[in-house]
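First subunit A sits with subunit B, and in the next complex the same chain sits with subunit C.
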Partner chain A sequence: MSDVTQSIKGGVKHGTARRNILPEGVFAWMLVGPAMLFIGVIVAWPLAETIRLSFMEAGLGGEKYVGLANYEDLVSSRKFHQTIVRTFYWMFLSVALKLILGLIGATLLNAAIPGRALFRVLIMPPWVIPIAIGCIGWLWLYNGYFGILSGVAQKLGIVDGPFEFLAYKTSAFYSAIVTDVWVGVPMVTLFFLAAMQGVSRDLYEAAWVDGAGRWYRFRRITIPQIMPVIVSMSLLSAIFTFNSFEIIWILTEGGPRGATTTLIVDTYKTAIGNYKFGEGSARAVIIVILLGLFSLAYLFFLNKVNKKYGAK
Partner chain B sequence: MMDRYTKLQMAGIYFCVAIFLIFMLLPFFEMFMASLRPLEHLFRSPYQFWSTDFSFDAYSKMWETVPLLGRYIFNSIFIAFSVTAITMVFVVPAAYAYARLKFPFKNASLAIFLGVNMFTGAVLLIPLYRVLRSMGLLNTYWAMIVPGVAFLIPTGIWLLRSYLEKIPLELEEAAFVDGASRMYTLRRVVLPLAVPGLIVVGVAVFIGAYAQQFLFAITFNQTRELQPLPAGLYEFIGYQSVTWNEMMAAALVGVLPVMVIFLFLQKYLVAGLTAGAVKE
Partner chain C sequence: MATLDLNSISKSFGTAKVLHDISLAIEDKEFVVFVGPSGCGKSTLLRIIAGLEEATEGKILIGGNDVSDAHPVDRGISMVFQSYALYPHLSVYENIAFPLRVQKMEKGELDQRVKRAAEILQLTDKLDLKPGQLSGGQRQRVAIGRSIVRNPKVFLFDEPLSNLDAALRGDMRVELSQLHRDLDATMVYVTHDQVEAMTMADRIVVLNGGRVEQFGTPMELYHHPATKFVAGFIGQPNMNFIPSTVIDTANGLSVELKGGHKMVLPVDTTTVSKGDIVEVGVRPEDVTIGTTGVEVEVRVLERLGGASISYGSIGGDTRFCASLPGDVRVKEGGSVTLEIKPEDCHVFDANGYVLRRQAAPELVA
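And now, the complex of A and B:
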């Protein structure tokens, strides 16, 4: 056995083995195993079960094998195509806004101004409180009769009477996006801020001495330096946003007339709302495949970015 | 010098910060104003921003309207705390293994953990429901704790790993040479050094567990006494006559304890994010 020459990463050799030390691989799996087992039972097994169910017609009554019928229904359903397009539109728009606002917010909070420690604390509540509670606040904001948005709009004469933001297809969709952005921005801002504070001051000083303006320094130093963080945050945000369920569910339950139904809401409505377990599972499998493809494409892109910007 | 701003630039920055903060805090402001508004105000037209009959009555009445409010607040914190504690028990050893050890299938298994990050519970609700039912966990605290733990383990491993990697190797090597066992080294050398990192990851996991307990609660738990705050309050929204002002008061009071705790911890969190996860 190579026990006696086992080493931690550094490569220290032991000539004498006072005790019988576990092989590194065995010890490592003793440490990783419990977490893996837990994930296996609570995530991997249900995932396998979801795939099995997607070939079934299943409900409260029982299960019947139907082959690819559930998938065929989805492929030929125009409504489902619209849902996919809507989901990606939802994701891209929301993520773009989160990144832009996060970048602006982080830049503002990174500026050497009095009070920035306080401002930093004040942007965090949307992230810290339960998403559902924040949504109750937004539910009220969007209300035509007693929300402040509609109230102010009436006072300014933009609308004649109470305007229900969540009652019309277009306004409901964009309202849900605003709330989703609101939930996501604090975390993005915080990570960008942390990355910006990690950029070496020497770079800025050298550029400043050479007469580079603020905007130039931001574009040529800040952005390239934090690029790896921007890219990894956009993947994280994209996954969160794609899977965003509570916000839409509490604000609109996917309505009005399906205007805010994303894939995740559609899956929930089908499976839990209508007890169509098989059809719901087929949707879930499609979500997993789409997210998997998206992540792969992303990792490829991330690799390129890391090469270009020389991430450590 | 380089960081000096003119008065005009200063004003511009503060103006933008103000707009940013208004966006972030508007819903809280609105909830607070709504909690002061008497119920009969709701459909008064035209819209009134302020009137003299605003009062704090809702804050005393809400305890009767939402009799379990105290319980909901407790449940929320209890569930989030349990999720955090259990998650850390799984995360700490695993993160150490990924940070320090070489073992077969290391990269493949890490990829599996990170892959779990891609799902949310919403995709797996039906089979998850069946798993929890077969374990007899439905309608218990565990129904909300167990899925929470599973979906937070990957994030925890990912965050903690990058911390542990920064702890100097020499100390471990020294302990090793002195004849300490692997487990002893982990417990007595690595963990004490990792305390700041453990706090950051713990807070991050707690926020995740606290912010996202709604879905599991409404799906896996029907016992009213066990509902966390968001699910408990959501139930009232469906009612015929919602006493909105009290609902808003309850929501605000409900998140207060955690906000206060967070106020004390946020410094560590921000410092930790700056030092650890981001700057690889």
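And now, the complex of A and C:
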């Protein structure tokens, strides 16, 4: 540290032929200041404010300190328990599908097939176009009277009349998952593809000469070699999915009758929809804690995986 | 163990033909080295033998069986890659065991074979380590270990020593030769390094531009190069080539070397006639300082101790290198007269083919 500042001071002195007019400490603060200010405004202050609010009964009318009452309400609320279970179910199902489809997609895109470059571009749109636009497309697909899904289902005789996918609890939930997976798969696929391309061709050739079949090579070379990326993508994808808000909000606003209300949607509805800032903040704090635990588990696993599979 | 026969192998990538009608008969338990400059097709030929590439035309026979369309594992070959191709996430033990795991070999025998291979290659105390924790030479040995556990009929090596430093390469050359003796197996080895080829091979295949220039024992190639290319490729330092004019073809080949020195060389003269331009090849180690011979201007003299290598030229533009005694009294920038014995000379016609030598040293086995 002092070496660095020494040389910086030396540089200033030499370059401008001036005595250093700033004390060392001030100069250091000037360097880190902007970054600290940025983090303070964007992260620290809102976080602190959220934690503070979670101990308040706060609305448009003012704030009143209520201690742990907001948390106690949540702990005893059956509806909230259901929301948590639903959120985890939503997350695990969606992440699992994203990883499986991503793995399949990356394997196909990595294969020597004609027109590979074109396919690689074609998987991008769900990720590239704004989520809201994509979701409006899906709204039409799920529409009972004009949507293609309902139309095809009727033609095939699967349903008798127009079927509104987003109008029933179960179908709305799984429809929202399908859309969430659609949005999330391209990124996962591209990361897996990049990782697969980093695996040396020689390893496959050596295994091929030794008689290892396609599946054997995939299982014993590809998967272990890209394992660190699989672990990273699992966590990133889990966080994105856990906090996936726009898709649910545009498709169902958490309905019907709460069937697609995940923690993040519940938080929004409570805090912004019903102006219960205190109760909403308590939910937000719980999200932070859960995701914090997630990240810790992730670091633990990543460390383990890197040890086991020999990080490069 | 088995013989390996290549019958008229050709290979094209699109319109580019990289191998032209290659036929070789490799004997059982022979150590054959494919050598040649980059892009000569030697690695492609090895990959065709391995089954990693398909030949455009021709047949491959191992132990007399046509394996041209067989899967690598059914050909009874194993291959050591230039990059070693070790699985970084598996231990040394699992790397060596990999081909046996593919075969679903029973545990007891697998363990026995892996440990036997580790013993041969002195890797017993390294079995639990990952490849990343090994030195280059040890990784090389693991790669060899993986190739020997399967007891293949033919071992294929693709430039296995090129990633090692010079000292280690020397050690590994000796180890590989030893391994060949111990395993008593047919081995095909690709390299661009003629020293590796000369020191390890029973027979050498010199490849150039996708064609076999010559197939023979190291000393055959050294004393009887069939073409100018082989003559220039084999031997260190490289052979010198002096442009010369044929004066007479009766009673040996009478030539006037560039610089004016005249010689009568004991070679077959049936394919040349008076006035033709030929090239006389002289190995740097076949010259002595004398009173009559070629005048060479010495530009650089490298004193190696036991020998001094002089780099110079005849008449300004024909490079001439000579290996002289260590204490030779020659100055850089000066000139020296080098004596050449007629029986040491090689002569190549305008197409680069040799005129057969009539007096040449007897070949050692």
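In this text, the second predicted complex is superposed on the first by the 278 of 312 C-alpha atoms of A that agree within 3 Å, B and C clash if a C-alpha of one lies under 4 Å from a C-alpha of the other, contacts with A are read in each partner's own complex, and residues count from 1 in each chain.
The definition used in the following text is that a residue touches a chain if its C-beta (ideal position, glycine included) is under 8 Å from a C-beta of that chain, and two chains touch if they have at least 3 such contacts.
The structure displayed is predicted, hence computed values, not measured ones.
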(request) After lining both complexes up on subunit A, report clash or fit for subunit B versus subunit C. (result) fit
(request) Examine A:F146 and indicate which partner it touches, taking first as subunit B and second as subunit C; both and neither are also allowed. (result) first
(message) Looking at A:L122, would you say it contacts subunit B, subunit C, both, or neither? Reply first, second, both or neither.
(response) first
(request) Considering only touches as defined above, state whether A:E205 meets subunit B (first), subunit C (second), both or neither. (result) both
(message) Applying the document's definition of touching, compare subunit B and subunit C: which contacts more of subunit A?
(response) B
(request) Tell me which partner A:N243 touches in the superposition: subunit B (first), subunit C (second), both or neither. (result) first
(message) By the touch definition at the top of the document, which applies to A:R78: first (subunit B), second (subunit C), both, or neither?
(response) neither
(request) Using the superposition on chain A described above, determine whether A:I221 touches subunit B (first), subunit C (second), both, or neither. (result) second
(request) Mind working out whether A:I287 is in touch with subunit B, subunit C, both or neither, as first, second, both or neither? (result) first
(message) Quick check: superposed on A, how many Å separate the nearest Cα atoms of subunit B and subunit C?
(response) 5
(request) Could you give the residue numbers on subunit A that contact subunit B in one complex and subunit C in the other? (result) 205, 208, 312
(message) Show me the residue ranges of subunit A that touch subunit C in the complex, using the header's touch definition.
(response) 200, 202-203, 205-212, 216, 220-221, 224-225, 227, 308-310, 312
(message) Help me check something: in the complex, which residues belonging to subunit B touch subunit A?
(response) 2-3, 5, 10, 13-14, 16-17, 20-21, 23-28, 30-31, 33-34, 37, 41-43, 45-49, 76, 90-91, 93-94, 96-98, 100-104, 106, 109, 112-113, 115-120, 122-128, 130-131, 146-147, 149-151, 153-154, 157, 169-170, 172-173, 176-177, 179, 181-182, 207, 210-215, 219, 228-231, 233-234, 237, 244, 247-248, 251, 254-255, 258-259, 262-263, 266, 270, 273-274, 278-280
(message) For the complex, give me every residue of subunit A touching subunit B.
(response) 7-10, 12, 14, 18-19, 21-22, 24-25, 27-32, 34-36, 38-39, 41-47, 49-50, 53, 101, 104-105, 108-109, 111-113, 119-134, 136-141, 145-148, 150-151, 154-155, 161-162, 182, 185-186, 190-191, 193-195, 197-198, 204-205, 208, 228-229, 239, 243, 245-246, 250, 264, 267-268, 271-272, 277, 280-281, 284, 287-288, 291-292, 295, 311-312
(message) Quick check on the complex: what are the subunit C residues that touch subunit A?
(response) 50-52, 71-73, 77-79, 81-83, 85, 87-90, 98-99, 102-103, 130-132, 146, 150
